[in-house]
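First chain written, first letter: the chains are A, B, C and D, and each begins at residue 1.
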Amino acid sequence: MTRTQRLFALAALVLLAIVPFFVTDSYTRHVFIVAFIYATVAVNWDLSLGLGGLFNFGHVAFFGIGVYTAAILTTALDVSPWIAIPAGGITAAIAALIIALPVAKLQGIYVVLVTFAFGQLCLQIVLSQGDLTGGAEGLVRLPYLTIGDYKFIRDFKFAYYYLALAILAVSVIVLLLIAQSPFGKSLRAVRDNPDYAASRGISVARQRVLVLVASSVMTGVVGGFYAIYLRVASPEVFGFSIATLVVSMVLIGGAGSIIGPAIAALALTFATEAMAGVRGMEEARFIIVAVAMIVVLQVAPGGVVDIFGRLLGSGRKT
Amino acid sequence: MDGVLIPTLVSGLLLGSLYALMASGLSLIWTTLGVFNFAHGALMTLGAYIAWTVTEQLGLGLAAGFVAGIGAAVIAGVVIELLLVRPFYGSRNMMLITVMTTLAASTIIERGISVIWGPRLKQLPRVIDGQVNILGAPVSAHETLIIVLAPAVLLALWWYTGRTRSGRSLRAVGQNQDSAALIGIDVPRTFSLAFGLSAALAGVTGVLLGSIRFITPGLGADPLVNAMIVVIFGGLGSLGATAGAAYVIGMMEALLVLWLGLYWTPSVLFVALIAVLVFRPNGLFGKVSA
Amino acid sequence: MPDPILTLSGVTKTFGGLTAVKDVSFSVMQGEIFGVAGPNGSGKSTMFNCITGIPFGPTGGEIRFKGQRIDKARPHDIFRAGLSRTFQKDAEFPDLTARETVALGGHYGAGLRGQHTRDAVEEALDLCQFEPARRDMQTADLSVYGKKQLMIASALVAKPDILMLDEPASGLTRPEIAALDDLLIKVNAIGVTILIIEHVLGLLLSVSQRLLVLNNGAVLTEGDPKTVIRDERVVEAYIGGAAA
Amino acid sequence: MSRLLDVSGIHAGYGTVPVLHGIDIHLDKGEAVGLFGPNGHGKSTLLRTISGLLRPSRGTVTFDGQDITTAKPSAIVAAGLIHAQQSNTLFGDMGVEETLELSAFSPRARDGWKDRLAEVHTLFPRLAERRRQKAKTLSGGERQMLSIGCALMCAPRLLILDEPTLGLSPRLKGELCAAIAEIAKKGVPLIVVEQDVEFLLTLTDRLYLVEQGEVAREIDGSNAPDHQEIMDMYFGEGAH
């Protein structure tokens, strides 16, 4: 993380903070909110995938677990959304701990398969436990956020916009701090040379457990926020499509760079939303994102941040 | 109990046969190239749709539909290898990159199918009508055909990779690419061969499944996930272990549904999976690496 | 007679039908420089990997370090216990700077924090005469010798009892080997026991106080370097029967 | 006599790390040459470049009048240039006999493969005894025998052996050296990489000393190093 990058991140934050004063229509703000949500999922995924080198393909399941935690708590147990949203972070962390048990010991493709299967099994459980989860129809009419008498939905989603931005900003700041900490450096060491890392006192298995849990917390929280914001929970959050979309954000943005996936998430969300408005593109937009990811992998495996890095002559990421 | 047990065992056998066909295709590509093909389920779906179009829309009959469906899957498989896997040979992160490119391929195929064929459910006619009696339990003749066909296909595959020149070259490439090249095997061509064969297996599974389930763009997703569980249980290393694990999982699933109901079966399967992996990181039948 | 710090008894390592290390036994004494020689493929590196548990310990036999069994210990625990090693090749974290690389060893290996880590890092880099101007450079951009110095510094930062070097001279020029020679003597002088394996014999003969020769995975002979190297069996192992 | 192999001005390496800096070696029909030199100085890289596993950045490789610099490894094998790699693990899960049969893979090697299999069995009777055993269960010496046996099954017109006696006991080493001498006697042109210079001198007509990615010295009968020189090369000056 160079000074330039830090300044850039700060400038971006300020810019996004003043957007609502110029963008006043509810739809554009909605796209921004969804983009912040995706960006939060993507940057946290980048912690385990890009920085930790852990082939975790169950990350979107942590998001889904956050969604259903908040939905079930608010509908079945009447818990306040203000508690249900952070609770999503806790259940996601517990799930991460469970999945970390086998993953800490596994190698290569088995990590991919187990984490992927984990996501799919979450889907199966949601579908089969219909009494609690609403099955294929999902849960609807979740309570909305309020402070006193103020409803967040008012003023064209003004408050939701800032809450979503705050969740993203906290994620990015925490992740950048992690990346610069000894823990973050140990992750890069384990990723690039596990034998050498182990021979310098780093427990590879322990770092893997830690990175999975660390990447799950904010992902679960933003999942809870997503459910409360949209007031629905649907099993689609565990599907292939969202996983492919978010992983393409990480890759197009440049794995391991934190800032890159955040930028890519904003750009891709706006692009797919714009395409969704065009007739006949509802399905094809997913194809276009998939093709874009393949093209980036072929021409610039380091992602967009790598391209910028080369243009600026700094050569290396972070 | 008897009245329930036999049909359950038959249904376990049927599931096991389908998983074995799917998982052996995945395992074939993995052992040859070290690539896990996430588009395998989508290839299966594609095979089923093409078979339906040729059989029903064009009215050319089931045999032509089968040939066309399997052929389409093979062509798509070879194209995936050429465009999405071959550019990354020798890359340090080839395994990870190909997970993503094949995942993207599966999205492209599935969404492409939605665009072309629309959301309406389709179904293929059965190969054989009527019922067969297995140990007093009535089973449809079509399902019996699957139960008989799967082991036959596996045996043929086992014979092919063990006894023929080109089959042996697949194994040689899988075990040591440099050494294989140095005895004159064309390694890239062998990769195409592996993808083509594996896609053929996906196509066969697709057309067989297309007449016992409704054909939707997501037809292949479910079996793919189950086949993944099979390869995690069995290890990806050998055909025998993969097939064995397929039947174990198929039977377990059928028995769990009988005892615990549809509700809890996925969770129990997953807990069993985690337990196996904590104690045997290379799968139930996998070798522990030295 | 000083005490043995590291003892191997009957250590064996097999890969399928291949026995890479056969019934190897020897002891390294506190404070000495112990050399291990042997032609290519004689099992030196495999033995090294067995001792440090990378990726696994031996198939048979016993390894004791400061009296404790370590043949089943995990590699990070072995380092924390005071046994550190270098690698022959591929040993870098390309994404980290020299300082960051060394700091990892201090943080995770010796439990140092904050200023203590920073001091230990500078001390280790100074000891290895690592150029101050290059300390914030990305590891990937360092020279071959720079990477060697860095790897030794990252091993020394946790103040190990014993430093194990895996063919440190490979790929180095003559002046660099001479510098390495000085460095090892200096490190030994501050009380670090050294176990060094090397294919190029010049460095080994110059620094070692005792020398063990491996051939076909087994111990061929052990003793005073100058005597050992004249042994007919050693000459034969290196350059063939016709020469002996 | 005409040139069988001509390697000229080869530059090659891995990624951005150059290993070979313009190597020239050649071999005439009916000749045997040796390569030696310190580890990590490019011998194996040179062999990988010749057999097409590695693409050189500069230079050409000509085999029997054909430019094979950019040919595929399988085409090079089909032309009869066979390379047995150092510490070749071959195909661990494949049986010995199966591996030998498969090695007669290229169309040219298929003719008369049974005769060649019999020859391999005569040369290495142990491979006949271990027929059904998997390669990974073989000992180090047996693996080397299998590796050479496979190379012979490819019907070599030029055989390249990379350190065929690496890590073997003196008895096994003697056995393999005798077998290699036997192969040379049958008139198969050979390139052998070995540490044992004196064995190379008995086997081959010429030697190349490869140092720092270059041919440092070409040695034939007239300028062969004496015992002291060889000792110096390995043990450093003044060791004796």
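The definition used in the following text is that a contact is a pair of C-beta atoms (placed from the backbone, for glycine too) under 8 Å apart; a residue touches a chain by one contact, two chains touch by 3 or more.
Nothing here was measured: the structure is a model prediction, and the numbers come from that model.
Simply put, of C-D and A-B, more C-beta pairs touch at A-B.
Using the mean of the Cα atoms as each chain's centre, the chain most removed from subunit B is C. The centroid of the Cα atoms in subunit A and the matching centroid in subunit B are 31 Å apart.
Separating the CA-averaged centres of subunit A and subunit D is a span of 53 Å.
Our note on geometry: subunit B versus subunit D, Cα centroid distance of 42 Å, whole angstroms. Shared interface positions of subunit B, defined as residues touching 2 or more other chains, are absent.
Within subunit A, not a single residue touches two or more of the remaining chains. Across the assembly, subunit D contributes residues 92 that each touch 2 or more other chains.
The touching residues of subunit B, counted against subunit A in their complex, run 30, 34, 36, 84, 87-88, 91, 93, 95-97, 99-101, 103-108, 110-112, 114-115, 221, 225, 228-229, 231-232, 236, 262-267, 269-270, 273-274, 277-278, 281-283. Residues of subunit D that touch subunit B in their complex: 51-53, 72-74, 77-78, 82-85, 88-94, 98-99, 101-103, 105-106, 109, 150, 153-154.
Residues 38-40, 87, 92, 136-140, 142-143, 163, 166-170, 173-174, 195-199, 202, 227, 230-231, 234-236, 239-240 of subunit D are the ones touching subunit C in the complex. Remark: subunit A residues 182, 185-186, 188-189, 192-193, 195-204, 256, 316, 318 touch subunit C in the complex.
Touching subunit B in their complex are the following residues of subunit A: 55, 57, 98-99, 101-102, 105-110, 112-114, 116-118, 120-121, 124-125, 128-129, 240-241, 243-244, 247-248, 251, 280, 283-284, 286-287, 289-291, 293-294, 297-298, 301.
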